[in-house]
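Right, one structure below, let's go through it.
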């Protein structure tokens, strides 16, 4: 059994009140399992890519439930280590219309943050691999996780495996300065960088907004070419999100390679569950780049995958390739398929 | 007890995941019971028309549940035959926004398809009837069903009962050629035809779209007058649907009689459950034509009924006449009635 | 323990079918507890104001459940009298899109309507109070309730406590003539009147609609100044609602004081639960007027509070001050807070 | 359409917390519809007896839901009058093991209590009837209901229709003295009396307990023969219940006719829902006595029907004749039928 | 990847009403996936045995859901063929106390019954296998399934793989004569036979009952030794079930080898879900016989596994080895593990 | 506002799968809030005792939900500190019959364990107090909690407030040696000790079982008198539990004072939710000892309260005094109260 796609990160339990309730109103929480890299892995596995996701989970019923969730979608979980004391959790209160969604992390001291790099079997993990993916969130989880990332990058590099990062700066997890200090050194071996940061920025991180801030293609071309030069990155891609409300957004994808910027169609859509849309974009990019080098097809596929994620409950983008292609082709979206 | 309105078709169990879940995510399915003619029957019965729906269901708890569903809405179910082995089923995965709904039929070998025409008591069924309705779906269910339809049409005709068909071509059930071969001979006794087909069409059936294909009243007048001439049909009616997404559509109704085309108001609405909207349109037409011959009132009532169906969960249009009339009059739509 | 804010009214059980079901389809009802003044009290208590809500509930498990609901949000319920036979109820069928919501009252002979004024301990209730609030709905509940209102107003007046009324005429409860006969005499001691009525109106009450009826600031200035003069009212405020459908509305707030009209921003939003939006507006006004006399800030806060209520399930506006201020500042509405 | 079995009484909404919750813990209530005579009617209708249940319900969505519930089980509801303001309700908190179930009535001023005898069409109701049944509960609902009962008894008597009463004294509804005053005069036309009362009893009503109070066949023979003589009753029947806990009971049936006492088998069973078990016993008696005069078969059938009711959720005994006969024959109880 | 344990059979969707509802009362069905061999496979996989279950499912969302269910419990599903039109279904109405559970099969024409033997890749399936298991149910599913069984037995035999059958005669599926005609020829290659039949029996199959029919060890020894001789079987095992009600049973296991009978402890237990208890017994036998030849340990483990299955919701026995061993050791059963 | 009863400990979120599901099967978790001292506080508050529970919870929506839970049952929560990062959690998988319940703690680094003693306002907390209660669980939560306990005991002692401890040794939290080292010094100021330990025990803690280990009154008298002498304790009480299965237990209470042992009635009951039964016993003891010194009444009340807790969902014993007294009097247990 080979693992064409490999990823490392945390899988958390997600607790969210049902039916638009607030946390303080809820008598029950829906539980599902996810995390940035896990979500990307589920979508790729669903699309037929042999996928290995590795992490650590506690050796109890909750850890087993998380692993079973990944098994369900055919991910190779054999390299998940059972150790540590707790599964990381997060609470998600889904907003709607003019009320925002809230995320409360309860992930400190989770199994993956306490698992030492020596416990993972990198030979088995990377057997037959073509792509390794990670995110800046995992880099924020402390020394053990950073060591694993460094080792994984080293192994991947030595085997000629492509590497991608989704920057995913989260200010609840660390400061922007720490982020730069830890993540920037990891960029030098990356082929695909998802997200972009202003490297000249001083002071706090400010999330730029293409629409509001009136960013045009030239802006992206100039920033991205600088990034590529500095870090030896081949592709940079990102989504440009327009947030009208918690229930309606629009999304355009953008990709950069060799001095060229390509944009996708723009999708305007309602939102059932926004979490994991960025991870779906990553999975879409990787899926197409595993096929060939066509950046136009790549950004169209990734953006459609990310857009359709907003209509799916849970962190994972449970969709078929046909559904993504239908959306790109716009053929009969909204018709009942019967 | 008389049966003012009579219909024949299949009643199926409908299994649909709750809360926007996909089928592969679901731990439970909502169950309700429906089918094209059954849905039309429920709405008419709810509006106070004495209604007889006949079919066959298996003699088990599932068949009983389906019959009880019809009883609940006061339909006369005395002529439903208990025979056969299974109740037809279909899975409905509700889409939203840019994700389409999916229907998976599991209706082969159902009780009604295996029940022979001799088992039904046509005398009892048509006692006091004024209207008989069926759809092209039922004609697709095989020889037994076609025999029943032919017999029912023959009895209805002999008693001067008005007859309507909703063409409802479904490509999952049969080819367009078979459809034409079986359904066209049934049209000659029909008073009201719902839906229209290009009778000169060659090759595959193509669903025309008034909005996209820029069809105007003249187009409809010319096509409908040809159909009426060819088949001796008195009324032709249809809805023109604009599909913006799985969550938002618009609908306009159109009716033709004696060379005249009348259109209804156009309704733009959100969607809770689209299934059965066409059946509600049929019921609205029949309800008004049972009253009198005013085609303007008829198409307004039928279109409003169909529009409001999209806000009702389940296959059946559980609404009162007042609610339909309020929508037509636009009086305080969206106000809380208190 | 002081009670900075005091209110009297009915707390009812609210029975509403889950998941967009109609009452005739439902196998279960969600239950929560509310009423105009109770809803206002919950929001104020949630914002940190010491709040006393007094009423009567039956001495049984249902009455206890209603009181516990208020306790949960830290309201002082010590002055709620246990007497009478039943808790008032109402059924709420939530509409969506082009289908309207329906309210069916089942509140006659409820505990609060049968509880005599002598049973309440006004000394304890008004200890340390700064504001007393009631609505026209409570005045419609019969002689006992009117006596309590009169006594409460008298006590409040004697202690220099500010008084507000939300007019809330409900035609299911009484005629417009009765409303005027009972409520107008209560206005003379009121500082803040929410809602306005055409005092010269003859015949039936007609709900004016600012948008449809093309009402401008001059109209409001003239009507409100007349009201203030006639009744010695200091502030008049109201929301102007635009109803596009059961699922989408817009809201603008307006306040009048000393010959000046101030309007809030206009909010356009989707609707999860509209009930209690007016009560949230009242709570917002009172919250800010307890702070100071800035009518611009007051109407902005109250309108944002009312708008966000539409996104919250249940009668009560369970929101924090931060969420309201974020909405006013429009900072990152619709972003996931993580 | 004939009505072989006729009954009059109240149909109420029953609100009960799901999953063993207490009322003060519940966020939702299961809703179903029932009442003593309605429950008896549902079981008889399910067994194939043409059944007419008449009552009054309010002309709103809640009244419609109650009627639809009866329709579902094929009861003839054409003679239900739409009038009045509210549907009676009751709250049921299900106990378990050593915690008792609680019933809170909220049925005062319900539609049926306010509906005058003139509104019912007794000719239509009793068309083709063979049996009329009522209970002491309905007699407790006030003057209007007593007038209806008297009229119904008079009509039934005049047509030679058999009459049964289930005494069902409920101390939450009236005193024992009132009960005797109202119900005793109704007994003189009754053929079957379910339950027995010590007519010589002084002071408060005391529910006798055959097991605890050591009552033997001789006791019943002597009491029942006195009752038959005094009131000209033909059959007296009752269940003897042994209450071990809220979750486990045992039941034996007893019937008396012409000086003979016959007892049924004794059933020991677990309890899902005890409400309506007495009504199932009544239905079982009537079902068999409509067939013939075999009191042994009658008491066996009725007792088995009552026992199995405890395993069915809701007020109504939704069982088939086969299931009752299987239980009597003890054939493979507890086996999976596959 | 090797497949230590291999099994073939049908995986069906199981539709069962929640919360003790009857099918005719249900608004929803819980859905899970199972079948005799699939259930045995899930338990073995959960215990850490590399398991391959092969079958055919339709190439649609329902088929995918069934496969995902197996993946979740780490079963190798790579050899499941996607073909055919429908997933077999069955309805399960759970009984309780004196009401029996009911199973309604709706499995005709399912994918696995229509899939031809050539479509399966027996080389891949049996790679590294040590045990092959099937049941008499699968033999009842028609010619295609019998061909697959014969081929699988042939391959297994040729590789020295142990073979087991669970006889599982189901009278809803076929007659006892057909059963004997088809299944008896399959027995000659079997090492372990679960269940026993009276081979001399004439007429209809009669399920013997050890308790009622007073069967002692000598009876079993004599019958089992005859079977072993006739069919060259090595082990015969069965459970002896005592059925007190739908909610309480007792179970003793018995195993025979080389003229010796060994019985397990007897377990008395309450029942949450009885379906799959026999499949758990089979899995327990196989699990221990894969370890060694100790028939005492084997029958103890299998019987405890089967007993504990009755406390688990769904067809599958989701338990750990520790839980089974705890039950055998009786250590602290019923204590809260904290 | 006085606080007659004061307690300190942790309030945790409890996540438990609904409907007998296992954690690995669950799609949702029921959430409620509890902890040993919090549970005791809720019962006492429900019985009308003015109760102050103090602890620390994080300043987020989850912490607010926990506090609101306590408010709901009228506990004074004003002295709960908002600090720290997370609310402690535990997972509860409810067993049934022969399957045990499982508790998985996820409570490390919770708010209360990190909150320093200086943050609590002991003056306000103990205003008017008569009783202070804590458990050995809280002593296991680390240095901060032990400091708070010591300070609280010191303040209580100085004010003549009675003190009780529930020993509650939990081996998942600490070793028996640590337990002795920390808890024994706290015993010297205790008036009531719930639970008993063999102080001469060597090696691991062994939970004694009165029934299995054949412990008689003399045993208890001798052990308890030694404990009282050593630690200056006035009362020792404990429940003697007989565990037949996860669904059925029996309970007898025992209390010791001044050389006298008194035992309660023995209750045999089914189990809905066992968690918190010990905390209910503690609350029952305290409730009666606050009244007077009658140890017979005290142990009867406490044991009945603990027994009935097993029939209530959630950690808290939501019962009325009447229900407890009814159970003691055995009056009509299991009857429907109507």
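For reference, chains read A, B, C, D, E and F in written order, and residue numbers begin at 1 within each chain.
By our rule, contacts are C-beta pairs under 8 Å (C-beta built on N, C-alpha and C of every residue); 3 or more make two chains touch, one makes a residue touch a chain.
Here is each chain with its UniProt name: A, B, C, D, E, F = Sugar kinase.
Predicted model, so just to flag it, every value in this text is computed and none were measured.
J.: Taking all residue numbers used at the chain A (Sugar kinase)/chain C (Sugar kinase) interface, answer same if over half belong to both copies and different if under half do.
T.: Different-residue interface.
J.: Which chain's C-alpha centroid is most distant from that of chain D (Sugar kinase)?
T.: Of all the other chains, the one whose centre lies farthest from chain D (Sugar kinase) is A.
J.: Scan A-F, A-B or C-F for the interface that duplicates C-D, counting it as a duplicate when over half of the contact pairs agree by residue number.
T.: Residue-number overlap above half with C-D among A-F, A-B or C-F: A-F.
J.: Averaged over CA atoms, how far is the centre of chain E (Sugar kinase) from the centre of chain F (Sugar kinase)? Could you give it in whole Å?
T.: Taking the mean C-alpha position of each chain, the two centres sit 45 Å apart.
J.: Go ahead and note the Å separation of the Cα centroids belonging to chain B (Sugar kinase) and chain D (Sugar kinase).
T.: 41
J.: Which chain C (Sugar kinase) residues touch at least two other chains?
T.: Residues 18-19, 22, 24, 27, 68, 102 of chain C (Sugar kinase) touch two or more partner chains.
J.: Going by the contact rule set out above, which residues of chain C (Sugar kinase) touch chain A (Sugar kinase) in the complex?
T.: 18-19, 267, 269-272, 307-308, 310-314, 318-319, 323, 326-327, 332-338
J.: Could you please specify the touching residues of chain F (Sugar kinase) with respect to chain C (Sugar kinase) in the complex?
T.: Those in contact with chain C (Sugar kinase) are residues 1, 68-69, 71-74, 77.
J.: Mind listing the chain E (Sugar kinase) positions that touch chain B (Sugar kinase) in their complex?
T.: Checking each residue of chain E (Sugar kinase) against chain B (Sugar kinase) gives 15, 18, 22-24, 26-32, 60-62, 64-65, 68, 85-87, 89, 91, 93, 102, 104, 106, 108-109.
J.: Per the contact definition, I'd like the list of chain A (Sugar kinase) residues that touch chain C (Sugar kinase) in the complex.
T.: 19-22, 24-25, 95-103, 105, 170, 172, 243-249, 274-275
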